[in-house]
Amino acid sequence: MKALEAVEKQEEIPPTEHPMDDVLRMDRIPHIWCPGCGIGLAVTAFVNALEKMQVDLDKVCVVSGIGCTGRVAGYIKTDSFHTTHGRALPFATGLKLGNPDLKIVVFSGDGDIVSIGGNHFIHAARRNIDILVICVNNFIYAMTGGQVAPTTPRSAYTTTSPFGNFETPSNIPQLAESAGAVYVARWTSLHMRRLTQSIIEGFQKPGFSMVEVISPCAMYYSRINKLGLGIDMMKFYHDNSVIKHGEPTENLDIGFQSQIIVGKFVDRERPTFSELYKGWKKEVKTVKRES
Amino acid sequence: MDKIIEAFHDGINKSGRDREKMCMVTDIAYDPEVVDYLGVDLFHTNRGRAIAFATGMKLSNPNLILAVFIGDMATLGGNHFVHAARRNMDLFVVCVNDFRYRKVAAQETPGDFSRLEFSSYCSIEQPLNLPHLARSNGAVYVARWTALHHEDLINSMAEALPQAGFKLIEVISPKPELLEFFYLNSEIKHGEDTAKVGIEEDKKIVVGKFVERERETFIDAYNKQHYKVLGDKFIKIAAE
Amino acid sequence: MNGNQACAEGSLAAGCRFLGFYPIQPCFEIVQHFADRCVDVDGTFIQMEDEISALAAVLGASWAGKKAMTVTSGPGFSLMMEHVGLGVMLETPCVIIESQRFGPSEGYPTQAGSGDVMQSRWGSHGDYEIITLSPNCPQEMFDLTVRAFNLSERYRLPVVVLADKAVGSMVEAVIIPKAEDLRLKKRKRYSGPKGKYLPYEYDKDLVPWMVKAGQGYRFHVTGLTHDEKGYPVMNAKCQEWNVHRIINKVRLFSDDIIDYEEGYTEDAEVLVVCYGSVSRAAVRAVRQVRKEGIRAGFFRLKTLWPFPEQRILELARQVRTIIVPEMNYGQAFLEVDRCSRGKAETIFVHQDFPKVRSGVDIINAIRKADVKA
Amino acid sequence: MKADPKNVFTGSHYIDGDVACAYGAVAAGCKYLAGYPITPSTEAAEAFAVKAPYVGAQFIQMEDELGSIASVLGASWAGKKAMTITSGPGFSLMMETIGLGAATETPFVIINIQRAGPSTGVPTSTGQADMMQAKWGSHGDYEIIALAPESPQESFELTFKAFNLAERYRVPVMVMSDECVGHMAEKVVIPNAQELEVEPRRYFTGSKKDYKPFKRDKDLVPWMARAGAGYKLYLTGLTHGEDGRPIFDVKTFEMKSKSLRGSTNRYLVDKIRHNRDKIIKFEEHQTDDAEVVVVSYGISARVAIKAVKEARESGIKVGTLRLVTVWPFPEKRIEELAHQVKGFVVPEINYGQVVYEVDRCSQGRANVILVPHGGAAVHDSDDILGAIKQAATDHNPYDRILEYTTALEREVFGENMVSKI
């Protein structure tokens, strides 16, 4: 009400503290994302999760690759690294091993993590490095202008599949699970509360956790395929997503404008790389001492 | 001659496929004699890029039959592996799993660290379950044998070669003195869920044929989609 | 101790506590020795899935506060090229030990070569300057590895040590000084108030202050062209600001970086410019022709990049002929040819096969040059 | 052989340099493009993807640049003309496999639309800082051919020419365009197919038994064979002999090298050096009486035109030499000019790359002034003019390349900028 009165009186509204001031680099706002984009929502969920957990933000590092989602690192006010295309995960691996006290979040897009970084993804999952990966999947390479991605559903149009995509899309949760991730969930950027919850769980879980966020690309994916504005896509996700916790990951394929199964699919225990490394080191030390 | 190459030789015979049309793409430096023995063209690419190289060959000349031998447990080339399987590129992939980089770290590591072996199957880290990865990305044929399962390996190769799509046979082939140990410590379980075939310490190695299914290949999907949209204007890719 | 072991010892002595690598011939011994010893000093090593990620992990570890290095050879180095660029752009100190092999592509995995000289300078896209060192004996493998860490910490750059198989497997006495005798450069750390930290604010030496991740400075760094805050700014001015400084932080201080060894140059008429394992044959050749009364001298490059332009020009004015023996088809030769500015005749002595030189061809070249005069 | 009319989009187009590259490739008979999206080269891939199904070509978007380039090599050996399109960071990733391409003497084309670097730099702006990388980026010794177009029209022509050169010399050919040329839309006239001469692949025609993949003709270029045609090829990146099989034994290698028969390593370099006069192409203007010559390439050459015109008007005898092939470098011509002129002015959108070659070839006979630029924009022609004036008036020989201080540098760092070397 105060603001309204101020407007009526044509007074300047004093800048109030935003609850996310501490976590976002406000000097970099406005951000680069288009209207109707879902990445902002994923960032909000992440920031909410950080605040809910009350973690020491000084010990959190956000690492991103290249692409629309790759810019996330630049907006989050923790130590943040914007690396090369696809190499966020190995960079994060080095960061984690260099300083095991850090909590590391890799925040990047589908092209970055599954396409060019696919190898690093499966091997980081295999090693079970203690990292949380938030993978924003918008079905397309948006930063470069709408090219086909490994996640683009079949028969969807993009600039490099001008006659419809004919490749089978990647199923990211299944890839993560088969490579050895310990926590795998998928939400759309509309499932704010659940997404936040999943990020918290993944963050706190030791080992390689992955949260996929299905997010609309209003600029390229939706425009080329005539799916309306970002809000229309959100609506579509709202109407067509089904929550099925624990669903076998092989059923999670996404077709063009088909039903999207969301939920938490994997939550298991495996020893992390650091634990194994520590164990190995101890063993070597005893061997050395004996010899 | 390498046991696996021998099996491959017999496998080609049994499958009845044309050797002249066959190209072997590897990232392992095979002895040149292999070419004369098998009667195929051999392309030794740089480390990890064999699958991508073969992808280019297949798409340029769909008549070729491509056998890809990878030796590095899909570490460098893991990404190409995953995406070729997803696309269901018509490749026959043999992964020679020697549990380590034979060519690099043949010598024992200094000191008494027998456990310090460098590979995906490195004992500090947990090994990659390659059959599971292949299956979950869409491979149409997945099998695993040790190099001593000679007959089974030949049959498997003969069975897989004529199929259309991404086929994987993992062959466990550690250094000769350990071969028998692995052979004895394996059990055949056809059709086993690939999630359960990971190689673990103190556990028997599961071998057998795990997956056999049909999926549209990349080239078929490409042709179909473009015919649908372009009709007669579409020109299929063909050999020059 | 052989060169590879000396190199591993050197890295540990310099305080390196992180090694990211992917196995490749012929430098694997460095990894083995490092792995063997790092347990004692609480270091970490990890075998990554490829060389791309190996260097990426090293950059990550460096930002986490560790001194970090990677070890590779030709093909692996080619894969690392993109991240050399990232290292330059983020100004991340790290060391790359590269054991050169013979020939392009796979070439001769087990034989020495020196075909990566130009690559180490120009291999990544975009404009940058880099420091490359070239050891010629196991002792130098130790010393120059230590120096590489010092330089990388001082200039915040990836520093390349271009070794080769010959130097790596050569067994010689290596004197490892006491820890307190080693002069180690510390990273230029920022310790001011937390809100005020600008990751790319620099002073006279053009090098910005660095902090560790997790200290609470909450900085941002990016491979994009950035301003002082580390935020991406996409315009020509900012690009100029970045590139100019990245380049000049090496060019301006090149006198401090450049290191070379000269012999018999005071009265030399024929000069042999050499580096790496070839220099051993070259120096031997010069000593021998001296006995024959030919006034030859040698100039051995310890730092290949930045290149000692000035000194080469001075010597070119003095001598009649400059001979450059290399194990490639002309790389450092081009630089020597350029820097001599036509003041002396330049002759390239190449070698077609991967064999450590006896020096006969160099001696012949010197004699020929002498006769010609 | 004439170009296939089906592949040539004859007519006058208004397209940008990227699209012109794609059209040039299609016209040359390129049937395989593997790419990965990267700004600013994506338009070329998009244009190719649209045209591909109509001409029986294949476009595939691979999972990364490493895969793209490897599959291009495969496609080339399977019998198709193949290329990939990329930009700075992607180019860096391709380095290892470019080495394989050079070692196995595989004909293929890489289009590199350069952007401002290093690392991610400014993806949407121009740069010319990959010139040295094109030549030296992969490990070991090899030689390649690099061309630099200055306009969309030339993007078409040089991409076309690149395929011919690649087939003729069995070598990777790079078209080093830049963002400015790539995103500049101009009139591009594509001639009739009859006017375009396509170099067919030099297939071996003798009996299969005699075929050796690296046996050379007089030009030092070997003959090619198709994969899957029964030649029993063995192709490897390991150092190999005439028959393509690796030589594991150093002694054999040494012997073969001495007899100048077996080893291919030497020929990788020599075949280009030997044929360089046939490959090298450059354009000269007003150099007959010139005292100062502006050596430039790509977009910088176009910016220099204005400066040169103004300099001529003010009475300075200035000429231009525009490099069309940057590698191999026209050493001889520069050396000749060095005898004649007082100085060279080299404007580049980098801090000195090709200028080193100019400096080397001039052998201290002429002064060399570099007009540097960090990237993300093109030169101010006043800077080039200033450098020309300086070169014309300065009679003392320099000890090294002189870096001209540009207006932009002065603006960014102020008048008391850190002194230059």
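Should a chain be cited, it is by its letter among A, B, C and D, assigned in written order, with residues numbered from 1 in that chain.
Please note the rule applied: a contact is a pair of C-beta atoms (placed from the backbone, for glycine too) under 8 Å apart; a residue touches a chain by one contact, two chains touch by 3 or more.
A quick note: this is a predicted structure, and the numbers were derived from the prediction, not measured.
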Next on the checklist: Applying the touch definition from the top, give me the chains sitting in contact with each of subunit A and subunit B.
Outcome noted: C, D
Item to check | Pair sharing more residue contacts (C-beta pairs) when A-D is set against B-D | outcome: B-D
Item to check | Distance between chain centroids, defined by C-alpha means - subunit B, subunit C (Å) | outcome: 39
Item to check | Centroid spacing, where centroids are CA-atom means, of subunit B and subunit D in whole angstrom | outcome: 37
Item to check | subunit C-subunit D separation of Cα centroids, rounded to whole Å | outcome: 27
Item to check | Touching two or more other chains - residues of subunit B | outcome: 29, 44, 46, 48, 75-76, 78-79, 82-83, 111, 113, 116, 120, 125, 222, 226, 230
Checklist entry - When you check subunit C against every other chain, which residues touch at least two of them? => result 49-50, 52, 75, 82, 85-86, 90, 105-106, 109, 222-224
Checklist outcome for this item: subunit A residues touching 2+ other chains are 82, 84, 115-116, 118-119, 123, 150, 163, 277, 284, 288
Item to check | Residues on subunit D engaged by subunit B in the complex (per definition of touch) | outcome: 31-32, 34, 53-58, 60, 62-64, 66-68, 70-80, 82, 96-97, 99-100, 226-238, 245-246
Next on the checklist: Taking the touch rule as given, give the residues of subunit C at its contact with subunit D in the complex, in rising order.
Outcome noted: 52, 74-75, 77-79, 81-82, 84-86, 88-90, 100-109, 111, 113, 115-116, 118-119, 121-128, 206, 222-225, 234-244, 246-248, 251-252, 254, 309-310, 313, 328-329, 331, 334-335, 337-343, 352-355
Checklist entry - In their complex, what parts of subunit A are in touch with subunit D? => result 66, 82, 84-86, 111, 115-116, 118, 141, 143-145, 147-148, 150, 159-163
Next on the checklist: List the residues on subunit C that touch subunit A in their complex, please.
Outcome noted: 18, 20, 39-40, 44, 46, 48-50, 52-54, 56-66, 68, 82-83, 85-86, 90, 212-224, 229, 231-232
Checklist entry - Can you list the residues on subunit D that touch subunit C in the complex? => result 66, 88-89, 91-93, 95-96, 99-100, 102-104, 114, 116-125, 127, 129-130, 132-133, 135-142, 236-239, 250, 253-254, 257-258, 263, 265-266, 268-269, 350-351, 353, 356, 359-360, 363-365, 373-377, 399-400, 408-409, 411-413, 418-421
